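To start, I am sharing the structure in question, which I have written as structure tokens.
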Amino acid sequence: MSESSRYDPPTLTSVRDWWTTSVTRIAPGEVEYRGIPVQELIGTTDLITGMWLLVRGDRPTPGQAALLEAAMLAAFDHGPQAPSIAVARMAVTCGIGINNAVASAVNTLGDSHGGAGQQCVEMLNDVVRVGDARAVVTAWREKSRYLPGFGHRFHPRDPRRDPLLRLVEQAVEAGEVAGQHLRAALEVEELLSEGRARPVPMNIDGATAVIYAELGFPPELARGFFVLSRSVGILAHAWEERQSGRRNKGPIPPSLLPTFVPPAVAPR
Amino acid sequence: MSESSRYDPPTLTSVRDWWTTSVTRIAPGEVEYRGIPVQELIGTTDLITGMWLLVRGDRPTPGQAALLEAAMLAAFDHGPQAPSIAVARMAVTCGIGINNAVASAVNTLGDSHGGAGQQCVEMLNDVVRVGDARAVVTAWREKSRYLPGFGHRFHPRDPRRDPLLRLVEQAVEAGEVAGQHLRAALEVEELLSEGRARPVPMNIDGATAVIYAELGFPPELARGFFVLSRSVGILAHAWEERQSGRRNKGPIPPSLLPTFVPPAVAPR
Amino acid sequence: MSESSRYDPPTLTSVRDWWTTSVTRIAPGEVEYRGIPVQELIGTTDLITGMWLLVRGDRPTPGQAALLEAAMLAAFDHGPQAPSIAVARMAVTCGIGINNAVASAVNTLGDSHGGAGQQCVEMLNDVVRVGDARAVVTAWREKSRYLPGFGHRFHPRDPRRDPLLRLVEQAVEAGEVAGQHLRAALEVEELLSEGRARPVPMNIDGATAVIYAELGFPPELARGFFVLSRSVGILAHAWEERQSGRRNKGPIPPSLLPTFVPPAVAPR
Amino acid sequence: MSESSRYDPPTLTSVRDWWTTSVTRIAPGEVEYRGIPVQELIGTTDLITGMWLLVRGDRPTPGQAALLEAAMLAAFDHGPQAPSIAVARMAVTCGIGINNAVASAVNTLGDSHGGAGQQCVEMLNDVVRVGDARAVVTAWREKSRYLPGFGHRFHPRDPRRDPLLRLVEQAVEAGEVAGQHLRAALEVEELLSEGRARPVPMNIDGATAVIYAELGFPPELARGFFVLSRSVGILAHAWEERQSGRRNKGPIPPSLLPTFVPPAVAPR
């Protein structure tokens, strides 16, 4: 008896079902997002609401949409010292499409470059669930020396923290979000500053994680929306570099050669 | 005399200048997009305006922003039969991050999958400049059997055409855009239907190209914004597939084996 | 005092050092791999030895090179039902370069599609270090329901297992490798079959993991060399599909529409 | 009548045929490359012959395999100033898999970074077909200011040229290859140096293009094999950088900020 016999015999229905989706329905002359004809949405639905609708399958209130909008705008870009941006600029000079340059760059938004927001949502969820910020922080510290969403290697105080948290506070007052994750994050922030001359304020990942968590996004979608957000900066830089006309841009001016450290004995 | 001597001697300034940008300025405690502190933009600037600002460096009117918004929403998704979407869904089951799945998919938005809008902007620009749609279409037809932006292998009439063009017409009436590229596209559409039982209407790429062209986007940025737009559908499908928990999804159910065509003589 | 002051003041040397490498030295008219002029290597060094040299920095014996060669060849391809291969074939029809198609595909060689070999090397190292296969398997089973390198959803007995293990046995007899990891793997295989009607033999990932482990490769390089290996199959399929001339290939014939599951209530 | 009616009604056979391949056959317990059981190839076939067999479907003579081997080894790496290498090193610090880092890098091997070999094969084919090197060079110069495969921005004389061409000469003498493309390339090289103080010798792309062309590779496969070759250098650098433990490596030391050129008037 062959191994493949554990599969049901295939039918055309099983082929169609293999690609089952609830996102979009296509038929000749018809396109529906989440069951809504696209022509009903075009011209009536703003971009942020459309994104939320397509990815999550439900609709935000205007206040919730505004929070997501702020989180996305705040994370658009952090300049060419961010690996994603440098990669985009170098890639676009190599004779590839702008889509390819964006892809090489988006690909770098991994656990340490784009994942802090996702991890911070998880941590804030933990704090809300467990109800003991100190215990949660201690547990996270055991897993990693980086506490996601707090402190910044470059900004003493991240300029995006205050305006983002202010919007969350307003949304709490307006009853748009519950405020639990905001309180959790502020508690963590306070904990981290205990006994330190310099505080360890929330950074962009922490402040946007508060928003994603308050809006009920699963942690991985926090990374997903960060990808959509940073794609804007990636495109902006790829396009700027494209216009320069440069070919095969390396990381430093071509007159500078990387330091070579030879082996003690060449492996001849 | 070495080849490298044709470069000026490097300095720290030349290293900093190698990464010159006008997109974003970063300093400790400061982030500016296009010269504007990010805290001025957070909470005051909607997503579409922010995207336009960061990528182009200028600001749209509300009417222009609304056109771009409609073009982006209309192109979010076309279901799993689009290679980009299928790639995203398969990739995310392979034990990689959601950013990596998005990247593999965005990477496929090439000349034939994501490039028709860009090409159509070029063609419409040609028609407006040359003033002779028939001549331009003839010239394009000599380069390729596919006229970018017209006809659809699946939709007899693309359901996204009419609502998009209606918005452009309204924007022309409101003085938001000039209407030249809209007229050029309608002229091409009419030409293509001459003597045919079935018309060859504009498709999504054509209708959005009208918008990008009317808004003065360079052709390659039409592809760039399509990338941002389709990334939303890519994320929606990657996320839906992620939730299924499937591992290493192939293109067809595993009980079906691809047809193998052996060589006449095995190359032993 | 600004945050950036914790960095030493930069110099041109620090810029060059930022890109320090021991892999390759470049100077005008000179290219050295691991300290050896490339002209000494061209025509004298076979591909597998060159790969080993460049990536690891040392040289294999001919017997070790032969083992690595067998592991790489055995993993070249597993047909279009492998997500990496399907992605390559779809991607290349989208109007992108063959390098881009390869990249979209290589990108999918993640923890569940390309990572089993790496994980199996780790597990075999554990068995050798701990000396108790049963304890190690139990510990791995607690982390994951998939034991990396054993069993196959498709092959009752993977046809690549026996010839690969036979080569390892011969290398052990010849004194080329020590044989500890081979014994560990056979012990695990026996354990897994206890009390089962059908054995759970090593698969391609397990058999190649034995080779990588015997050769002293760090686990992550097992994935690295698998990437190089599978890139060959990816290229072969991308090229075959390219020659078909198809455009925008979806996962199933275009006459088949994916099943759409609508929401109970459309989120209007 | 719906548009989709122009497709034949689908069957399970049409689904299987959609993924037709001549590369690899898979059945339970069986894997065949180009019709040859993989167990016949493991341990008997060297890596370069296996690559040629899988991708092209035929077998090289040992002399032909040796030429391909030399071309591949010579192009492994050119250090971190090559965008592909820098991208690999930056990407791997971002918390992504080594396969993802390789993918971001391979993706950059586009028309100007990895395409010169492919273009040079086309040009040499033109010279052989047309029989007039001067006319062909003139025609290429009209299309592009870069003549693919000749001259180097860094090496006055590429150190890989001579050993590669010497191997081709030996293969011509041994009757392994015909020598037409070698003569074409030498003729072009001579032409380019007419009336110049400094010659414009073949570079790595030119010398390897001679090999690919002599071996009868279609031009796009020259890029394909370059991708396989450069993947080795990409992996070597990604791995070296991984071992450094650095996180989120930017292109220049973090104490150096990119130059920002503000707009004349901020687009507030």
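The letters A, B, C and D name the chains in turn, as written, and every chain counts its residues from 1.
One rule holds in what follows: contacts are C-beta pairs under 8 Å (C-beta built on N, C-alpha and C of every residue); 3 or more make two chains touch, one makes a residue touch a chain.
Remember, predicted model here, so these are calculated numbers, not experimental data.
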item: Groups of chains joined by contact, in the absence of subunit C; value: one piece
item: Turning angle required so that subunit B lies on subunit C, C-alpha fit (0 to 180°, nearest 5); value: 180
item: For subunit A paired with subunit D, centre-to-centre distance based on mean C-alpha positions, whole Å; value: 33
item: Centre-to-centre distance between subunit C and subunit A (centres being mean Cα positions), rounded to whole Å; value: 28
item: Junction residues of subunit A, two or more chains touched; value: 2-4, 10, 12, 15, 18-19, 21-22, 24-26, 28, 79-81, 86, 96-97, 99-100, 103-104, 107-111, 114-115, 153-156, 251-252, 254, 256-258
item: Residues of subunit B defined as touching subunit C within the complex; value: 2-4, 10-12, 15, 28, 79-84, 86-87, 90-91, 93-96, 100, 103-105, 107-115, 153-154, 247-252, 254, 257-258
item: Contact set on subunit D toward subunit B in their complex; value: 2-4, 12-13, 15-22, 24-27, 32, 34-36, 40, 53, 57-59, 96-97, 99-100, 103-104, 107, 152-156, 251-252, 256-263, 266-268
item: Subunit D - residues contacting subunit C, complex; value: 4, 7-10, 14-15, 18-19, 21-26, 28-31, 33, 37-39, 41-43, 45-48, 50-51, 54-55, 66, 69-70, 72-74, 76-81, 86, 89, 97-100, 102-104, 106-111, 114-115, 154-160, 162-164, 166-167, 220-221, 223-225, 227-228, 231-233, 235-240, 242, 252-256
